[in-house]
Amino acid sequence: MNFDLRTRSLAEFLGSAFLLAAIIGSGIMGERLAGGSVAIALLANMLATGAMLTALILTLSPISGAHFNPVVTLAMAWAGDFAWREAPAYLAAQFAGAFAGVATAHLMCGMRLFFASTHVRHGAAQLWSEAVATFGLLFGTWAGSRFRPAATAYAIGAYITAAYWFTASTSFANPAITLARSASDRFAGIRPPDVLPFMAAQLAGGFAATQLFRRMATATSRVEQRTAQLEPAAVASTHDDG
Amino acid sequence: MNFDLRTRSLAEFLGSAFLLAAIIGSGIMGERLAGGSVAIALLANMLATGAMLTALILTLSPISGAHFNPVVTLAMAWAGDFAWREAPAYLAAQFAGAFAGVATAHLMCGMRLFFASTHVRHGAAQLWSEAVATFGLLFGTWAGSRFRPAATAYAIGAYITAAYWFTASTSFANPAITLARSASDRFAGIRPPDVLPFMAAQLAGGFAATQLFRRMATATSRVEQRTAQLEPAAVASTHDDG
Amino acid sequence: MNFDLRTRSLAEFLGSAFLLAAIIGSGIMGERLAGGSVAIALLANMLATGAMLTALILTLSPISGAHFNPVVTLAMAWAGDFAWREAPAYLAAQFAGAFAGVATAHLMCGMRLFFASTHVRHGAAQLWSEAVATFGLLFGTWAGSRFRPAATAYAIGAYITAAYWFTASTSFANPAITLARSASDRFAGIRPPDVLPFMAAQLAGGFAATQLFRRMATATSRVEQRTAQLEPAAVASTHDDG
Amino acid sequence: MNFDLRTRSLAEFLGSAFLLAAIIGSGIMGERLAGGSVAIALLANMLATGAMLTALILTLSPISGAHFNPVVTLAMAWAGDFAWREAPAYLAAQFAGAFAGVATAHLMCGMRLFFASTHVRHGAAQLWSEAVATFGLLFGTWAGSRFRPAATAYAIGAYITAAYWFTASTSFANPAITLARSASDRFAGIRPPDVLPFMAAQLAGGFAATQLFRRMATATSRVEQRTAQLEPAAVASTHDDG
């Protein structure tokens, strides 16, 4: 963490904004061009989002750690890897960036800045999808940042690409994204009353993954600990990703 | 192998579960959204599976070696790269994880946990497809883990992405996946009576690749052996992948 | 910069030519084969362009820095990372290469070398799209080249892949590409009167990103500066990308 | 080159066989499943081929250099990077492997081993496409192997992915592939009389790229040469790719 908090928060803002612009913008373009085929619109939406996320983590993780997600920031603070006193700035940047991205996408498509979404997303299957998706995202984030920081951008980008299709909710897996998508009445939207249950499921999945990873990481044999002592570089490079 | 067997088996369980959730879940979503186009459903299924496999190998291989496949575990044990006494725990975790992934996907889609599949997959062309697909998977696993461990996640993910389309069976190439897919009566399913012949073809292809790779690896010139003696790091990093 | 200016300019020419050949050629082929589905044609166009750009940056950045874009060359000269006296050769190579690429693609498709495009692309939404797209491209180029030069090819390729779908203009984001595409009356074309406003929006977005990145990079804490002094290799490898 | 010629030729055989199996197999499957949409069949064909090529170069280049292409072998021998006396074994393995791959794919699809193709591919536009495609392939191979050997698998895989769509011929770019595809009367086939002109165009494009790259590589400034003398590792790792 070599950049000051203001610079790192700005990176979180930019990353969240471009991520939302990609999600909302490609959703609108997909819907416009796909001639009624939801599958083709979702293919475009999935490829654009996964590619953008990979690009953003590669370029911004050296500045801010590339959280772009309140669950990641809170889980890292809870685990002692991130200072609690810096969390409010990160969370504010993530939510503000997400809304800025929605407005940017709407402007690019010639629409007004915000809408109240009417896209219904509720029920046990949807919440289970969000819990599973966020569990996988956080477990991957922890394992990636601990063991292969340079490859985390590819792992997380690939995971979200897959998650678009294997969950019934298309994997929001991020409270800032969820709230901001309630301001877009299109393909990628979510009705405001459905936001809070989504957030709760995301937090539950994310913290379960964090708790499980911590137990697994401390269950290492003595051999592993001895190796770690001989390889301080592996520990030092952990800050590479979020 | 710095983690204890329990932790490594848990990683095999998680990897197998998320892999199956991706295969089954994206198959169901693809079928639901593609409006009757098998090709578009299979494109979604292929991209989700390949991306998930890459993400899982990147993040879990530092813990368990990322086998996720009984053929890989058995081949490595047979070749002396994995302890026979640890094989039962790995195999149990792979099969249990695969069924947990199927149930997870069905729950996400609002369906009951398991079904008996009626998807017929039999005949010589299908078995030849499975033998070829598993031959390529195992040969790539051996060459990758021996020569380029850091890139194996990309090589195996890309291989399975291709294998979805170039084989007539969409490349199960994994006995645990095959058995678990018999419990899903959808796009990705396989009828229970077709499971055992698939497994036999997979084992035959996998062991042929293992045998061929061992012969090729020992046919190196003296120059190569001298180089290997000077580069112990290359040998030490072999555990990176499975 | 170990190659002489003539060799580096030739690399810029080749890169721009293959990039335009990919954009125009895959646009024509997509339109011919997609049977009226704009979404499927754009998927082919996007995947071909993103893949080609990644391949070109990987292979040509060691020679010329892989700018392929007047905005990149001008921004780097403005920021002091590129010699102003070499800019004319780079810009000339980029424009000439772009037109050579258009002609190459037309010849491959059995068409005459150049056409005047009638594809209308104007209005505030289109210009805002170009400004946003070029802002992201330049910010990513700066952050990538400064912090992760070896991964910039993947970051920029993934960004442009996403940008095809999340902007209303499909992200030209490059004045040489914009001018050359006015000579192709097909899927990827742009009407000559729409070229100058596109260029202005691209320059505005690119310079805003350059200015913002410079401020963020100088806002680093003293800890960061001390680290940089200890890691001259990171600075030395900056030339790896453009 | 640490493996004996027999082992390396076997790797060339396996790589050519799996590459052709992917091209032919995914072409047949795409045609069967796409319900008449050539664009969707070609998307599947392109993604399967690009992914397979990346996987094959990653895993086999440490053994044989991963040529899989007579133009690459001949160009490297001509440039002095490969022994002429070993070229016959490589070429024989590439042609034999290509036919083995075609037969493998036909068997997987329940068809007989070989057919005489009736797919017409002739005319100036097709030959110009092959010359351009092979020029780009060889230039990328040279630049990649010289400057970024570890990334060549990704660069070449991405290039061929793009080349499927931006050329009118879908980029055979390989005489062994061209001849073997004349034995498959399906989506990916080529009529026997069209084979020789394709090969001539491929050789012309490939040797033009080789000649150009050699001129550019020798036009380096004295600074570059001094750097090269200080970095023997970069030269030593050149064998990594083909």
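By written order: A, B, C and D. Residues from 1 in each chain.
In this section, contacts are C-beta pairs under 8 Å (C-beta built on N, C-alpha and C of every residue); 3 or more make two chains touch, one makes a residue touch a chain.
If you're wondering where the values come from, they're calculated on a predicted model, not measured in any experiment.
Look at the contact of subunit A with subunit B and you find different residues on each copy: under half of the numbers used there are shared.
Comparing the CA-atom centres of all chains against that of subunit C, the greatest distance is found for B.
For the pair subunit B and subunit C, the distance between C-alpha centroids works out to 38 Å. The geometric centre of subunit B is 27 Å away from that of subunit D, both derived from CA atoms. In subunit D, the positions touching at least two other chains are 37, 40, 43, 47, 154. Taken as a graph of touching chains, this assembly forms a single closed ring in which every chain touches exactly two others.
By the document's touch criterion, interfaces exist between A-B, A-C, B-D, C-D.
The touching residues of subunit D, counted against subunit B in their complex, run 1-4, 6-7, 10-11, 14, 18, 21-26, 29-30, 33-35, 37, 40-41, 43-45, 47-49, 51-52, 54-55, 58-60, 62-63, 104-105, 107-110, 150, 153-154, 157.
Within the complex formed with subunit A, the subunit C residues making contact are 37-40, 42-43, 46-47, 50, 123-125, 128-129, 132, 136, 139-140, 143-144, 147-148, 151-152, 154-156, 158-159, 161-162, 164-169, 216, 219-221, 223-224, 227.
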